[in-house]
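Chains: A, B, C, D and E, in written order; residue numbering restarts at 1 for each.
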Amino acid sequence: MAVMQGKELRIVGFLCNWCSYGGADTAGVGRFAQPTDLRIVRVPCSGRINPLFILKALTSGADGVLVSGCHPRDCHYAEGNYYARRRLEVMRGLLPVLGIDPGRFEYTWVSASEGQRWQHVVEEFTKQIHALGPIGRFPDAPELASLGLGAG
Amino acid sequence: MSKAQSAAQSAAGTAPGKGPGPGARPAFAGDLPNPYLPMPATVIEVINESPSIKTFRLVLNDERAMRDFHFEPGQVGQLSMFGVGESTFVINSPPTRKDYLQFSVMKAGENTAALHGLSAGDTVGVRAPLGNFFPYESMKGKDIVFIGGGIGMAPLRTLLLFMLDTRKDYGRIRLLYGARSPQDMAFSAELPDWLVRGDLETVLTIDREAEGWEHKVGLIPNVLLEMAPAPENCVAVTCGPPIMIKFTLQALEKLGFAPEQIVTTLEKRMKCGIGICGRCNIGDKYVCVDGPVFTLAQLKGMPNEL
Amino acid sequence: MSDRSFTPAFISFKALSGWLRALAQKATVHAPRREGRAVVYRELGDGQGLESFLRPTESAKHVLFPRSEALFSFQRQGEAAGAASGKIRLQEPEGEGPAIIFGALSCDARGFLSFDPVYDGCGTAQAVGGIAKDPYYLRRRANTSIIVRACKSALNTCFCHWVGGGPASTEGADLLATDLEGGLLLSPCSEAGAALLEHPDCVPALPEQIAAAAALHAAAERSLGEAPPAGELAASRAALLALFENSEFWQRQSAQCLSCGACTYLCPTCYCFNITDESNGIAGARLRSWDSCMSALFTLEASGHNPRAAKAARLKNRVGHKFSYYPAIHEGRFSCCGCGRCIKSCPSSVDIRKIVLAAIKEAAHV
Amino acid sequence: MAIEQELQAAVKAALPELDCIIGWGPGPDALRDAPLFLRDAADADVLRAGFFSVNNPALFLPEYKGRKIGVLVKGCDARSVGQLLLEGLVRREDLFVIGFPCSGVIDAGKAAALIADRCEAGELRSVREQGDSIVLEGPDGAFSLAKKDVRADKCERCLFPNAMDADLFVGEKRAPFAELDEYADLAAFEQAPLEERMAFWEKEMSRCIRCYACRDACPLCVCRDQCVAVARDPHWLSQADGIRDKLFFQIIHASHLAGRCTGCGECERACPMGIPVLLLKRALSRRVETLFAYRAGIDMQGRPPLLTFSLEEPRIKERDW
Amino acid sequence: MRIGVFICHCGSNIAGTVDCAGVAAQAARFPDVAYSTDIMYACAEPGQDAIIEAIREHGLTGVVVASCTPRMHEPTFRRAVERAGLNRYMFEMANIREHVSWIGKDMDANTNKAAELVRMAVAKLRLNRELTPKSFPVTKRVLVIGGGVAGIQAALDAADAGLEVVLVEKEPSIGGKMAKLDKTFPTVDCSSCILGPRMVDVAQHPKITLYAAAEVESVSGYVGNFSVRIRKKATCVDWDKCTGCGLCTEKCPSRKSYDRFNEGVGPTTAIIIPFPQAIPKKASIEREFCRQFTRGKCGVCAKVCPTGAIDYDMQDSFVEVEVGGIVAATGYDLMDWTVYEEYGGGRYPDVITSLQYERLLSASGPTGGHVRRPSDGAEPRDVVFIQCVGSRDPSVGRPYCSGFCCMYTAKQAILTKDHIPDSQSYVFYMDIRSPGKGYDEFTRRVQEEYQAQYIRGRVSRIYPSRGKLVVCGADTLMGTQVEVAADLVVLAVGGEAAHGAPQLAEKLRISYDQYGFFMEGHPKLKPVETNTAGVFLAGSCQGLKDIPSSVAQGSAAAAKVIGLLSRDMLESDPQIAQVTVSRCIGCGKCIEVCPFKAIQEIDLRGQPRAEVIETVCQGCGVCNATCPQGAIQLSHFTDNQILAEVEALCRF
């Protein structure tokens, strides 16, 4: 969907259900005001996040992608975030070679109790993405782009 | 070049590779019908046949197209879920009953799963009719044995109902229909009628004993050998899963049926349905245009790649 | 086809780009260009760099048969536009304008002759629903002129002469260009080709230029190795059928095959395609895209059954199609133009010539 | 060449115990050998192993799982074998590995560019090795090229020219070529502005014909027929002819090889359109090396780093929010 | 598919900053949406009824509710759609309250964002599949970890309800912190008199198996079927033989051992029975003090033991138990107060903790209940109590209130007067927190009846001077500096999470907060549940609390377990991984990464393939992210579903 012109950029968040999604809820319950750019995709665990989702988002028109999971040791599934940490960290290495600013992707850990931390992360990351501006695009096939099925 | 011309040339034994010459190319008329364009249709009824099979009754949205729609028993159509894809199914209502077009769909892949999500009133696309059909003209005056397994009953239903609608043209008509279990039996609403009507002899069978089952228990080929239809002046029409077909053909040959007396319909992965896209071939035959109906005699003349 | 004979013209290399740019006013001109390690067809830019002969890595088939195209788009309409019960509008894409392929190889032009009968519906001749023609291909086919540039010499992967072609074959061509000193000899092969020469820089060719071209053609012909006798090669039709169940033979032939699609996608005669839908739930398109018979998914049925699950079966079908099944229903013509791209670009050096000859030999042996 | 003859003898000796031996034989044109599947002793006479033996025979091994086969390997091929073993995709007891010292292989594309003004590669009648040079027989006579000018880049970077873990090693082991910064090219590439890097891929991928030779030539692409490239569930890619989807396949390929790619370069060599697809994989290999000090196909004790984890990751510097 | 979309106003909670009707209008044009409306309170009965009615009226096959967080009402709405005849998984939520209306005031941006979240939910729902839970049998046994008062209560309640109970206590005796207390507030009744009988009940209950001096080593399995490995620490005494006669403790020559039970107030022997009412009443050797271990020879206890129970070679041993539910009741520990330099940092012997003071007050303590200060054994006259030591103090990372210090300090001031009638107590406090039943009256009594002097202010310094400790502080009510020359200073040291709590949390796969306290499922609605099914919390491990609250929570946790294990079969969550066998290549990567060993290799016509063990899979999806070809998919969170959400946002 098109972003609000001039107001927002497209930021996609992938949050684990148990910690970070709860942390974002806690931030909401606490009425911790945040920028409106972020859209959150709920996944059970940060370990569920195939790093390719991040690249899919970034090549489909997302200007930034934020991943958040349980703090190391706190994973609801014991180990998911450890795998996530490695995979996300490795995948970030692909961004510069593709010509995507690595600052467009960050990952962090926020627990269900850390509403304020979540607010801080969202503010910082949104600021960071606005500083980078809209992302460059790899062109889509004309047969899709002409139908509005292209990226962005 | 016309078909006649090319045939003539072929007969004259053109050297391999000698083509039509410089600059030659097929003609193009601007108003060429587009064979890839489905006709929008509306689902009027959905029948749950079994946990994995649903039957859909469709009406083409264009009234004239529906009225003029002509097909033969055994021909197939491609059902489109727009945005998902197309798959091929036999039109299993007979041409003699044209209130709707009926397709039975077994859930197997992406498109069939999407089709199973349809409710009455929903829109689908139809490209039909495609392929050849049962040689019912040459079956006139003969006895017919239908042998259907599982979802393979669908194409047989078309011909069966067609023959029942033109009953006087045929001799004795028998049906052997088998499924794994009573729940897997499609067209269950019609079975009581088939079992009692006087112009059809119906035998039902399931693979394994089940509670409340009053019919045969046993694999189709074995039950067929028990039934022992006489091959004289008889045509066997069979369709079902590959393993059943294999043993049914053996059983029929054992009973004395000649390959010319055995008719079956094949299934292949199809995309275009008009003999171009290249995937449904068995040797030089394309199941989508040269089939899906073949006699065993024809199959024996083709490479063994089913 | 016209019986009229055409007058060859000559264009100097200096004037070449101007002529092509003039042609580009009326049609989209595709011409070879070196990019990285490959030579690809691109839409004509400034027309420079075309003085020297380039052998394209890919065939020109994508001009008539794009790697992917929308067969139609669809749009759900009305109040509850999203609902499955909503009305749906289908729209066919608008056809492109005329096109010219400049610098095609003679084998490329002949490649389309394999497409023609299939896309013109000959394959559906027996179908009861009537002959189904492919309007997308046929529209472009009628709209496209092909300027063949004669090969100066053959590569060791070339075998056009096995299958009825040659370095300067005019089959399927509208215009034959031959590299001479200082320019190209342009010999029209069709009305459409002759029309392309209506340009002040296309001057009537001199007899010695025509003779020189003929000599070059002959030299190029000679640079091709010995072809097996035509009769022997025709035995492939029966041989491949005879070997259909010889799995050991096909396993040996396919051992080094990677099952990739380089051969089929570079091939000027491979015409198979896939149809897939893309959609956002409201609007979408049905796409026709190249597919390869070397892919296991090509024949995978929804039930999980796959008649050609093994790569040996797939290679057998590819070779069989080109040298047996296609000829059986298309007047004995092979679905191969001998361009050798499948050999030259095969990452694993599979050589279809060897396979066909081995099949003929093996079948004769049995 | 002496080594070749020794290898032919070794192959003949080993063949009776084996289903077949995978090596190299004459190819369809002079600049490359073709994979050769030896079944009879007679096949051994055409066996080749040298500067033109480019194909990585490790590619074929998983197909033969459960059958005892022999395989000739260069140093880089041996790394692929090692990684396949580590991942349990082939079994050591099924293999008879024959190693030999590799002094690099040709990059046919480099050679083609160097000889472009004389002839095309397909016009060469023959080519042979002569010390540090190769001698080529063209339509207009013979000429020679220095090996170092036509050697594949991966060979210049190679630190493991001698096949490791071979059951039989024929010939003298040799030292790697002068060491250089393995990732200097990548670092240089990343000096360009972001837009240029994006434009680079846009241009390169525009040639892609989606033949998937890159994938099918990769010895570690083990999904084979089940690749997501054309799958609908999961539906990662459309079949449309767009840069985005074509590039995304390369991203998928690179991601699936992260921590597994041995840098054999077959993906890039196989590409008929000459797209430099190895670069993406090397970007991830560099990352894996930096973060986990892990080299695929060398580190036979550890686990592929993305299939495991440690509680503390000393080399991962997480962002401090 | 026919989707119904319901945009909840949540009163003005959402409607205040989101144009709900506008979102509903937009949603009507989303794919497969057949019906769309806004609704005042979706979760209330009329709201749920409206959804059910719409499903029936419009033939809906899937429902999206845009309202609060799915962590709140997803189960509610799933039940609602189920009542209407849909599969409960044909439902999705868009969180437009916590993630939209509550965090921003821009109506346009919020409305747009809400619509996009609905669009995502619709995109996902279109790919939802009906899921059916599988049933599996449960083990009707419960593990209680921690034998403090909360654990004891939970164990007894569960056992009385007929469940088998395994109680694990790391100390040689149960009793926990409460066993160390002299009296309890606000009744000032004897702590061991009320706890003692409950401890005996534990020992004698036929349904309870007690493992003291034991710890949980590892936990595997899942709700209804946990496997627990318990480490029984080597006590060097064979408890089957030990009669608890105490002869060994009398004869032990090593008399300088640290007395853990008595908080180090006096020394003890190396072989101990922690206290006279210990359950089990068995001796154990503390190796770091035992001469047999420190010097290599002694053997006195072995010689005197009448039953030959001493075994110096004893090793830790393990038992495996199968349980259906787990109650964590691991209590708390005191924070290390010596970080406070102003209180002497631990250098002054007469600055002690409140728990040490309990032991001095206790008749069974090392001083026999006579209050004697540690430095010289003298009876103190002026006693200063300092509150909030390590509570409500962000500077030491303890910003929270420990909750019980105000009350026990008041109790200790009363007891001081009872023990030493001519004594004077001074209490430095920040605020008096006494919200419990009878609590505030109690704190008044200590000031009014017992003349304890309450000084509102912080102590800035303590220094010794002529046999006394001079306590300097501010009286913030009077606005003056105060100096008290004290004989004894008692610090009301705050509690912290029990040492080792995070490690246990990791074994139990439950969350803990930044201080190490275990996270409850919901702060209000699930105070004893955790986010891991089958694991419950009781007592201070969840957050500091006093005895009545701990007991109440112990009972509550027991009730939850009893409820859980009252069923013969449990239903497994069907949101688990599924293998498409035809696409699996048997590479085994999923098996390697599964944290639960929930995937096994099977043989399919000679080829290896992966198979998910349905009841073991917990649905994390690590396998899904690992499988290169995506042959293993996490139901309800498939690749295609997540891709659909991403594409709905980014592409369409």
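Remarks
Please note the rule applied: a contact is a pair of C-beta atoms (placed from the backbone, for glycine too) under 8 Å apart; a residue touches a chain by one contact, two chains touch by 3 or more.
The model shown is predicted, which means the values in this text are computed figures rather than measured ones.
The minimal number of chain-to-chain contact steps leading from subunit C to subunit D is 1. Taking the mean of each chain's C-alpha atoms, the chain whose centre lies closest to the overall C-alpha mean is A. When chain centres are defined as mean Cα coordinates, E lies farthest from subunit D. Among the other chains, E has the CA centre that is most remote from the centre of subunit B. Chains B-C form the pair joined by the most contacting C-beta pairs. Between the Cα centres of subunit A and subunit E there is a gap of 31 Å. One simple way to say how far apart two chains are is to compare their mean CA positions; for subunit B and subunit D this gives 49 Å.
The distance from the centre of subunit A to the centre of subunit C, each centre being the mean of the chain's C-alpha atoms, comes to 45 Å. Taking each chain's centre as the mean of its C-alpha atoms, subunit A lies 50 Å from subunit B. Multi-chain contact residues of subunit C, defined as those touching 2 or more other chains: 68, 76, 84-85, 274, 276, 278-281, 284, 287. Chain contacts: subunit A has residues 51, 56, 60, 73, 79, 83, 87, 141, 143-144, 148-151 touching two or more partner chains.
Annotation for subunit B: residues 85, 109, 117, 119 touch two or more other chains. Considering their complex, residues 51-52, 55-56, 59-60, 72-73, 79, 82-83, 85-87, 89-94, 96-101, 106, 108, 117, 120-121, 124, 136-145, 150-151 of subunit A touch subunit D.
Here subunit B touches subunit E in the complex through residues 117, 119, going by the rule given at the top.
Across the complex, subunit B is touched by residues 1-2, 59, 61 of subunit E. Remark: subunit D residues 186, 189-190, 194-202, 205, 236, 238, 240-245, 247-248, 251-252, 254-255, 258-259, 279-280, 283-284, 286-288, 291-292, 305-306, 309-311, 313, 316, 318-319, 321 touch subunit A in the complex.
For subunit D in complex with subunit E, the residues that touch the partner chain are 87-89, 222-224, 226-228, 231, 233-236, 256, 303, 307-308.
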